[in-house]
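Going in written order, the chains are labelled A, B, C and D, and every chain counts its residues from 1.
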Amino acid sequence: MTTTKSRTMQTAVLGVSGYAGAELARLLLHHPRLQGRAPIFFGRENASGESIALTDLHPQLADNNGSASLRVEAFRWAALREREIDVVFLATPHEQSRAWVPDLLTHGARVIDLSGAWRLQHPENRAVYKFEDADATIAATTQQQAVYGMPELHRAAIKDAKIVANPGCYSTAAILGLAPLVRSGWADLNRGIICDAKSGVSGAGKAPTAKTHFMYAADNLSAYSIFGHRHTGEILEQLHLAPQQMTFTPHLLPIPRGILATIYVTLREPMQASAIAECYRSFYKDSPLVRFHGERLPQIQHVVRTNYCDIGFALAGDGRRLIVVACLDNLLKGAAGQAVQNMNLLFGWPEQEGLL
Amino acid sequence: MTTTKSRTMQTAVLGVSGYAGAELARLLLHHPRLQGRAPIFFGRENASGESIALTDLHPQLADNNGSASLRVEAFRWAALREREIDVVFLATPHEQSRAWVPDLLTHGARVIDLSGAWRLQHPENRAVYKFEDADATIAATTQQQAVYGMPELHRAAIKDAKIVANPGCYSTAAILGLAPLVRSGWADLNRGIICDAKSGVSGAGKAPTAKTHFMYAADNLSAYSIFGHRHTGEILEQLHLAPQQMTFTPHLLPIPRGILATIYVTLREPMQASAIAECYRSFYKDSPLVRFHGERLPQIQHVVRTNYCDIGFALAGDGRRLIVVACLDNLLKGAAGQAVQNMNLLFGWPEQEGLL
Amino acid sequence: MTTTKSRTMQTAVLGVSGYAGAELARLLLHHPRLQGRAPIFFGRENASGESIALTDLHPQLADNNGSASLRVEAFRWAALREREIDVVFLATPHEQSRAWVPDLLTHGARVIDLSGAWRLQHPENRAVYKFEDADATIAATTQQQAVYGMPELHRAAIKDAKIVANPGCYSTAAILGLAPLVRSGWADLNRGIICDAKSGVSGAGKAPTAKTHFMYAADNLSAYSIFGHRHTGEILEQLHLAPQQMTFTPHLLPIPRGILATIYVTLREPMQASAIAECYRSFYKDSPLVRFHGERLPQIQHVVRTNYCDIGFALAGDGRRLIVVACLDNLLKGAAGQAVQNMNLLFGWPEQEGLL
Amino acid sequence: MTTTKSRTMQTAVLGVSGYAGAELARLLLHHPRLQGRAPIFFGRENASGESIALTDLHPQLADNNGSASLRVEAFRWAALREREIDVVFLATPHEQSRAWVPDLLTHGARVIDLSGAWRLQHPENRAVYKFEDADATIAATTQQQAVYGMPELHRAAIKDAKIVANPGCYSTAAILGLAPLVRSGWADLNRGIICDAKSGVSGAGKAPTAKTHFMYAADNLSAYSIFGHRHTGEILEQLHLAPQQMTFTPHLLPIPRGILATIYVTLREPMQASAIAECYRSFYKDSPLVRFHGERLPQIQHVVRTNYCDIGFALAGDGRRLIVVACLDNLLKGAAGQAVQNMNLLFGWPEQEGLL
């Protein structure tokens, strides 16, 4: 597989039927570097084995610009192998990504996996997924090749990666909100960091369940998966924290999309707000998809349907109690947008290409 | 079975697990005439055959007033037969109500059925339900005994009924909004009546489906079942209209509960607003659960969580184009509240007892 | 003022502070033909006479792509006159547009007015706005020059227009939903057309009022301005209807944006659905921003944040009762998107440029 | 003024026009001990000095049970003085309550003040309100008489109080969620307690503002008043905490009503969940309006439109990181419901009378 600029890259999306899949399809179809070569879409909706129209699956993708001809094929390995594909996006269930990625790599495709299958290097963190690897050796080798796909932290490694493990939505907000501070060494980790996070309902997936029923989610707020959410391990690994140093609490918001994380940190020594601001500004100066607002707090409506992570903070009068607020669109910077950002890095394009 | 006033009536609810069932439980538990004798609750949640706590099914019913001891039993005919029950409420699927009511009658209980099983006298209207009666003769006899449970139209008949067929939620709004006018003979039926109705999501039931998913219903509005909604037949029968005289269009609103029907009628002759107002006021003067607002239009938030149907109207300057707006809470006046209103009539209590 | 293609056009927006203004700013900033020459933004927020940052007014417009340098100036005629401006968009109050447009024309700018100031040719329809023209002769002359800016109906006239009166949001849905049918002559106008329309809260404007308070709009639905909404006149004029032939009823939906109009028409003779479909398909075959879905009904969530008007229909079994459903985003196809569509026509660009 | 049980108490409400006022009116009108003697309602809506119908102000209070005759008078001292009033509820702005309460006391009425005027004993906590007392001595004396109206903490003192300072909505959730634990001495206060709280829009009041506009609040979440919310002082005083020991962060939820507080505490020593549960159960065993759910987390939809505060908790595997979740309806247990609970105590009635 080559990535010269002389031809248009061929992308493929496996699992296009969910919310992140729909956003991914939209971003790839409008990506300036991919014009003239539509992604190959694979899905599982078409039980009979026949392809269906992408716009039947996602009517919001219909436009009068050729969208009517886009098809979603039933996935078959043969259909993958017979095409030259430069990058495969997996928006599949965790278990499926875990099972398929090793084979995809042998076919030569670079992989950006939106599931949680390959994000965690430490087995104890991965345990929450209960993966049963058919071949433990292959899984371990594959795992070592996986790069955590957060460009703001691992830009260089992503460029050369065979497998990009695209971060979780909550993890993206928490890690981007904390990374500058934790790296600075100013946080008193022994006092514990608290991340009180709130997410819109799209984060719970497209399957109709009791908790995604309108009557459950509307006019309500509830905490869930306290002390046990799957994204916790990503935050610990990326920030090099011990489990007792991070308390992560997700809540289900009565809105379609958006995450806001309110993060509480105690500083070792009293500090000035200006120093905090400088720390974040410097850390993200080359990151076009993070907007740092200083002491102005961000809110969900300004990031929804954008690929940005917005960050702001407030420092108590005592100079030690710091609150960082980070927010993003869980389907974009928290999923499909970050995946495209990673694709841009893989192909040597500007990180924000097709994302503004 | 006797219904003397010297003892507290025993009620039973079959199918307490849905939204209407929950409201029914709440109303019966707080009904002043039923204090000291809780309803018997039957449901199907407890697959193992054991009873479960009512407050596990509906946590909002928990109070510190004895609710913790309320149980929902798995339904068995024996459990029904061995109790003296004065009235059975059915909040069961249409098919189940259709199958069970004849047997319930033979056990001597009076029945208030919240499903659509017995509302329609004309087979052609009932066809939309596709009922398959085990015994057509029994079904026909039972059907003849069923009284359409709209107190404002059939108060006297309900008092003596063995089976009360509690009206549909949309039908209640449409019929109450139209009855005075249609009966007056002022409406030009040949020009057709249009009922553009909008309902909250609880009307679609508790089962998680693609259309009750928060992501589908929120920030959206959609029309559905145009020219084919099951409640149309009730409106036709109760108002003695021919099919082509009534166009009924339901829409799904992004709110938990409430129905608003905007009804368009052409009058035969130009009229004064005062005559219209007098017609409605007179028609509902003895109906405590209908509030007529004259030319002030009602809105959903004033009827939600009440047992009222609110009605208002506007008349065009030409004196012939009339718009009637009727609204109610689909789970109360459109279901459980009307069922309790019917129970009050059955037992000779004031119609609005326990409903204000 | 010239509009040759050899240089980038200069646009200006007066009244950028509202919802439509924000959408207009976004569309113009991303328009492929306007790259390198940002619009000049005028507003009234900056009371002190100093300019403010566009992103302070509309934080959602901030991106890391130069948006930080965009300013909103306090409007002064001098500031307008000293620039070469090819087209001025007015997103100002009706009265202001009425007062300013004659002067703007004398300065040589072409004008696209998003207000209701110049949409109505018949004084009796315009009466609802209570305009007090300083010079009746100038106003009358100006009015005659105004072209109703609905490209699907007046494409040719718009290309040469000095003043484009951009249609109202409700009117756009109603007119696009009805035009093919009314023009066909199949509608029985004597039976009256009913347009039951529902709009999200952004249609009520940015000013905080009792009716735009979250507590009023949320979990609610209400009809308003029955028999008197300002958009009615546009529908009458564009479709050549007499007042008693059209009943238009708006409702306030508990959603941020989106309009759905359910339109009821009686046909003169029984017809086949296929003929209806062909009529619409043919009418809109060259209109890239109308999507006709045949007998599949459109819904709000598929048009929100797009520039499309989606149309579908259902025909009763009697072949005479026809329901047309039209929906669109009130801020885009119902305001700013249609304004840009009109600009594209003015400058000879493809109608949908910058709108897909 | 006497409060013997032989006659029905006379209540009065000043400031009935807001959301809490409406709930208070509803609760008092339905209170079993107040039947036959409606509250006297004073408001400021009727600028002309004439009374208006209560149901014009709050249409949701209309029922067919005498509500039509209820009036809201313009407040005048004379109107107050000429009646025998047993208790006056103030649902007035903070400044008005601060100014009026001393005079009300001299008229002999007992006062339950829903504002923040008299809740705070320490001047430094009260400073945030910027009160300007006309007579500092009278204000100080009055302040000393004020009892903080949280029955679960000050039941005995409330019974004899002349002035009950009804707690803030956020404060109620935070204090009830923390009191058992803080009193137990198990919390490591030096590590700081964090209360991340979220409230529905009714908490922001009825005045239409940019932040209560539907377009701002819907589909959004934002933090506000970080390190400076007025309710913080109440939490500090009631729990005897130093300012740096408590971080309180409110957020605006896109729902009409309800508060959920997620509270983070570090325990001095590792503990068992059973001990935590026992601590709460024991503390609230005589508090009928607090429901403790143990390790089952409460959620907003189960407390909305009830007078309960629901509390649950989760303890990390390390036995030291404790999360307490408390939720309530901000207009009921957080305002009007708690005010009625206080009235019940004043008059020696069961605490929950009229509140279940």
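Throughout what follows, contacts are C-beta pairs under 8 Å (C-beta built on N, C-alpha and C of every residue); 3 or more make two chains touch, one makes a residue touch a chain.
Bear in mind that the values here come from a model prediction, so they are computed numbers and not experimental data.
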item	value
Interface with more contacting C-beta pairs, comparing A-B to A-C	A-B
Most widely separated chain from subunit B, with each centre as the mean of CA atoms	A
Approximate Å spacing (C-alpha centroids) for the pair subunit A, subunit D	42
For subunit A paired with subunit B, centre-to-centre distance based on mean C-alpha positions, whole Å	47
Computed distance of Cα centres, subunit C from subunit A, in Å	37
Residue numbers of subunit C (touch at least two other chains)	216, 218-219, 254-256, 301
Category of the chain touch graph - line, ring, star, complete, other	complete
Subunit B - residues contacting subunit D, complex	59-60, 62-65, 219, 288-289, 291, 301-302, 305-306, 308, 352, 356
Of subunit B, residues touching subunit A in the complex	19, 201-202, 206, 208-210, 212-219, 254-256
In the complex with subunit B, residue positions of subunit C that touch it	191-192, 194, 196, 198, 216, 218-224, 226-227, 243-244, 247, 249, 251, 253-256, 258, 260, 262, 264, 266, 297, 299-301, 304, 314, 316-318, 320-321, 323, 325, 327
